[in-house]
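The letters A, B, C and D name the chains in turn, as written, and every chain counts its residues from 1.
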Amino acid sequence: MFFASDNSGPVPPQVLEALARANDGHVAGYGDDALTRDVTERLRALFEAPEAAVYLVPTGTAANVLALATLCPPYATVFCSPVAHIHEDECNAPEFFTGGAKLTLVGNSDRMTPDALRAAIEAEESRGVHGPERGPVSITQLTERGNVYSLDEIRALADVAHDYGLPVHLDGARFANAAVKLGATPAEMSWKAGVDVCVFGGTKNGLMGVEAVLIFDPEKARGFERRRKRGALLFSKHRYLAAQMDAYLQDDLWRDLAERANARCDQLVQGLKGLGLTVANDRHANIVFFEMSRAAHRKVQAAGAVYSLWGAAEGPDDAPALARLVCDWSVTPEAVTAFLDTVADAIA
Amino acid sequence: MFFASDNSGPVPPQVLEALARANDGHVAGYGDDALTRDVTERLRALFEAPEAAVYLVPTGTAANVLALATLCPPYATVFCSPVAHIHEDECNAPEFFTGGAKLTLVGNSDRMTPDALRAAIEAEESRGVHGPERGPVSITQLTERGNVYSLDEIRALADVAHDYGLPVHLDGARFANAAVKLGATPAEMSWKAGVDVCVFGGTKNGLMGVEAVLIFDPEKARGFERRRKRGALLFSKHRYLAAQMDAYLQDDLWRDLAERANARCDQLVQGLKGLGLTVANDRHANIVFFEMSRAAHRKVQAAGAVYSLWGAAEGPDDAPALARLVCDWSVTPEAVTAFLDTVADAIA
Amino acid sequence: MFFASDNSGPVPPQVLEALARANDGHVAGYGDDALTRDVTERLRALFEAPEAAVYLVPTGTAANVLALATLCPPYATVFCSPVAHIHEDECNAPEFFTGGAKLTLVGNSDRMTPDALRAAIEAEESRGVHGPERGPVSITQLTERGNVYSLDEIRALADVAHDYGLPVHLDGARFANAAVKLGATPAEMSWKAGVDVCVFGGTKNGLMGVEAVLIFDPEKARGFERRRKRGALLFSKHRYLAAQMDAYLQDDLWRDLAERANARCDQLVQGLKGLGLTVANDRHANIVFFEMSRAAHRKVQAAGAVYSLWGAAEGPDDAPALARLVCDWSVTPEAVTAFLDTVADAIA
Amino acid sequence: MFFASDNSGPVPPQVLEALARANDGHVAGYGDDALTRDVTERLRALFEAPEAAVYLVPTGTAANVLALATLCPPYATVFCSPVAHIHEDECNAPEFFTGGAKLTLVGNSDRMTPDALRAAIEAEESRGVHGPERGPVSITQLTERGNVYSLDEIRALADVAHDYGLPVHLDGARFANAAVKLGATPAEMSWKAGVDVCVFGGTKNGLMGVEAVLIFDPEKARGFERRRKRGALLFSKHRYLAAQMDAYLQDDLWRDLAERANARCDQLVQGLKGLGLTVANDRHANIVFFEMSRAAHRKVQAAGAVYSLWGAAEGPDDAPALARLVCDWSVTPEAVTAFLDTVADAIA
């Protein structure tokens, strides 16, 4: 009954098989190998973007900060939500990789609105050289609070950004879960919706450790490769990153894994609502935030369920406390059923 | 006949087995898992350093620059050889991670001498605040030109550094090959010789992508973990880094792999010398630099041997040109024999 | 009728005289001259801090960011108000000089409260290595919205900071105006109230361009001098910075200049209130924020008064719009009277 | 008899007068004042570059590093001589402001040669992404060893740089002295010789603290202003920087001051050679390096002459030791004569 994170699960057998398949003989390193080139073409095909610059990096933070550093001068600011991963969970990595760019927090929700974004962008030009230049807009899809932006919502935000000549970065650590939820193609959920740089996450969706960064206009990719090397993020035995991505793309494995995770989450949401509990995020894909009393949470956790409370660390036993459940591809229907039973007991 | 790099070979089966073994169920991420803790203890035991702070990172450059950043303020300079990897092959990563430290190049060889190091350190204090503060001393073992420092040589350099209160970093991308060559224990070739922070490389010696950083005095480790996270270098599915290291330590696999690579190199050296060719590095472990005419190199490469010329890109056909051959664990005696035969033909 | 800024006025004759007096013969540069040493001792005496490390720098931003960089590792965050100059008006200079530290904005006012500060500090440790380390607390006295913290308020904030082992930085660009307003000595308004690093501003209070940074515990000053040099902020002809500070300290000129500016501000506040207008900041020293209709502002500005509106650039003519008036030492009572008369006409 | 530095002298009366003249009433800050605009136009006229972007900054290091940061990405390297001020005397400021660029040291002299520069540039592209991108070429005129490049020499270096698409930065801390020595106009010694960004130094040539940075193609100036603000280097009371430059340009004062300094240096050179002593730099303007025994240096310094020995701190009494003499505008013929007499006595 492990729902604490989608960074904690195992990888499906296809990934280990692909690593074994790639583990043959000597090949050039640093991405200059046939498998990397092949995977690059297949990513371009998947995203219907034959000209895109494509890079593999080992962590989600790496994907985000290399993208931002390539788009954003050090004297600029990045627009993002106040709960954006780049702001809350990367230990100053964006500030580091950009050379000291700021993050301008837009609105007070996990989803930015076009109006709030426009207002924030406008506000950034009122101080001339005393304030930073306007930099990229960063959108997380799906969001850190478990919600999926619709394609129209992404497009609307991208339109605002482009009105001001600002590029759009999409943190797609959970890109697959969102695309599957929306029934959208990767192209529809990225460049067709106005995204300039897209992170296609693998690690949370079943890979060991690899994300793809796609820069759709290669002119915008200037410096990425050296920044990656300089960031100590260029794998020498690059074929093993490519092999994971190879498995991910083969037979649309990325889609299957996301479907499984999303289905388990649907099962959870249905079950929790059926028990009369409040689910906080309405646009779920593979994450659900729900409320229950602290006392009930303690019972459920004592029964072996692993997940995090959200918000204040302490509080009264009977007051509702928010918790986050994350499903990765390996969660079973049985585990979900067992969890729901435990919850039912706890709230009884 | 692939001798271009030790970053290009496959991994031994034990590594894939360990990944498969670790690929079971959900475990906490970011290093907070039992396998990581276990591997940490075994590294401490291997290095006879029960108090050491131990960290796993995905690349050799990451290991070096996180170590240096932890030891070196931004307004200081790092002392290293002019051919140090941190100077020539990391695309400004040390300058980046330290926040702008300089590198002071010591001497004109791949091995620093105590006198040259002392002179360089002395020279750095002659300009007061106009010049950088003295920072760490960085030694590569074995060196980028394929030579192994003796334990006494490391100790002599460390003594100079410590005379000035400067810590010693050892870039051990090829630590195993050097230790095996010397018949030295990891402790003897690191903290017992005066090294304060040691990189125990895995990637070049048969792993997919992991290096261990050991900081022997945990007081010196302050900030490392946040720098790693901020450097986008903290793996979420950390168990897969630990699994590689698990295989590496099991039954001293690290030693066996290095012995194999070194033996192939011995075979090469013997063979090349037997053909009357000049070998440039006298203290070889798994790398040999040798000289042959460009015309001969072209013939050998045309026959399928893969390796790099060193130095000027162009030159007369008959003049000697230096080339580098690197053996990893997977090079076979037959491949070496075939190479030597090809060389014999080419120079005939 | 110039009230736009206290960065816009001339310097009093004593400053030019001091520059002329110092303009004699050759002296060593970079601060190694007798006048700098003398001024250093007099600043220590003024602040009753004989052990303090004292540095002169040319700009207020320089003083702030060198102080923060000396106190704050790159992987930490600085706690400050959301309208802090270091956040809004330094174009990412704090992020730059610290190497990428974040700024955690506390509360929603120009004055932080102990409770809000405590909550913000507590919140920063809930994410372990995924979030920044807690860094310094930065207080602006007087604030960017023209209010003076009481000594007890500073002490209360410093106590919270010290509860967590965090140092306190005081941005004293308008230190003199605040100290004079409170009738407090420099020691009472700095280290006796718990401040660890204090900026004693000169530029806004009549000097050409110099601020003093006092670090009361010299152990906390490690690296400041090299960071200043590395920041291109070490004046070679340092005597001319010292000469300005010499004039500033002579016969307590700093106090007189602030008294004059504060008195003009009192006169403004009294006059504006007398006209029935709302003054937004209750704890004024030399700055007043007041409200008036946009139409009235336009008339007053058309009559030659120079000052800035605050907040939204556009709005309805009759709605109240906030504006800021700043008095420097050179503002005359006649200028204030003329302004008040113009306002009276405009609102009639 | 003060010859230690040209950072140590007083300013001529015209500078104090200009400061007094500018010290009138309120003007906008941060460079948005009429005097700054006027001085900007006059600098453009002086350099015959009506489109140039022109900026005033308070220190020579600031001028250099802001120029380099504007021209050079963080993953590039700057080509300069091994004794360049940016390498030896700025305490990592270039590395800091560029975000970690390296400095590639060219040749082993204070003057780079086209061949050595070409070789260094070529060598920087042999390692692909593992090494930095080629960045600007930085030339100091006159050099740190007191030599003046001829216009043809500057042009030849610029041609090499431009062959590779690299911009040329000229560190002109002593621009005036060099231009006067050559009898060249500022345009001839800057953009007409291929320089893209020129520092027109004021501080060493009689000003209190100001340098002008001219970027001849304004397209290359993108980001300079925000970098200056972010570098804490934008003066709020900017009129006082402009006033110094106003005096400097008025009646070609900059030329007169340099002529005086150069004449004193000529007098020194003639006198030292007349005494049979070796002068090390053949292309002197206002600096002379000469050799004498340590014993003689001690006598001369004991007699009150202030200057620095160069090179090893210790050495035998009778061996020749190099020393540097620098003349600023305020050195008198009598001081030179007194010095030469002292030297004559010492070597007798």
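Assume a contact is a pair of C-beta atoms (placed from the backbone, for glycine too) under 8 Å apart; a residue touches a chain by one contact, two chains touch by 3 or more.
Which protein is which chain? UniProt says A, B, C, D = L-threonine aldolase.
Computed from a prediction, not measured in an experiment: that's the story for all the values here.
Asks: If you check the contacts of chain C and chain D, which chains show up for both?
Replies: For chain C paired with chain D, the chains in contact with each are A, B, in label order.
Asks: Would you identify the chain whose Cα-based centre sits farthest away from the centre of chain D?
Replies: In terms of C-alpha centroids, the chain at the greatest distance from chain D is A.
Asks: Any idea what the CA-fit rotation angle from chain A to chain B is, to the nearest 5 degrees?
Replies: 180
Asks: How big is the gap, in whole Å, between where the Cα atoms of chain A centre and where those of chain B centre?
Replies: 34
Asks: Can you check how far apart chain A and chain C are, centre to centre, with Cα atoms defining each centre and the answer in Å?
Replies: Chain centroid spacing, chain A to chain C, equals 41 Å.
Asks: Measuring centre to centre with CA averages, how many angstrom lie between chain A and chain D?
Replies: Each chain reduced to its C-alpha mean, chain A and chain D end up 50 Å apart.
Asks: Show the residues in chain D shared as contacts by 2 or more other chains, in ascending order.
Replies: Expected reply: 30, 74-75, 90-92, 96, 99-100, 129-130, 132, 226, 229-230, 234.
Asks: Where on chain D does chain C make contact in their complex?
Replies: 2, 4-5, 7-11, 16, 19-20, 23-30, 57-62, 64-66, 90-93, 96-97, 203-204, 208-209, 226, 229-237, 240, 306, 330
Asks: Show me the residue ranges of chain A that touch chain C in the complex, using the header's touch definition.
Replies: On the chain A side, the touching residues are 74-77, 88-92, 95-96, 99-102, 126-127, 129-132, 313.
Asks: Under the stated contact criterion, what part of chain B meets chain C in this complex?
Replies: Interface residues on chain B, with respect to chain C: 30, 73-75, 99-100, 129-130, 132-133, 223, 225-230, 234.
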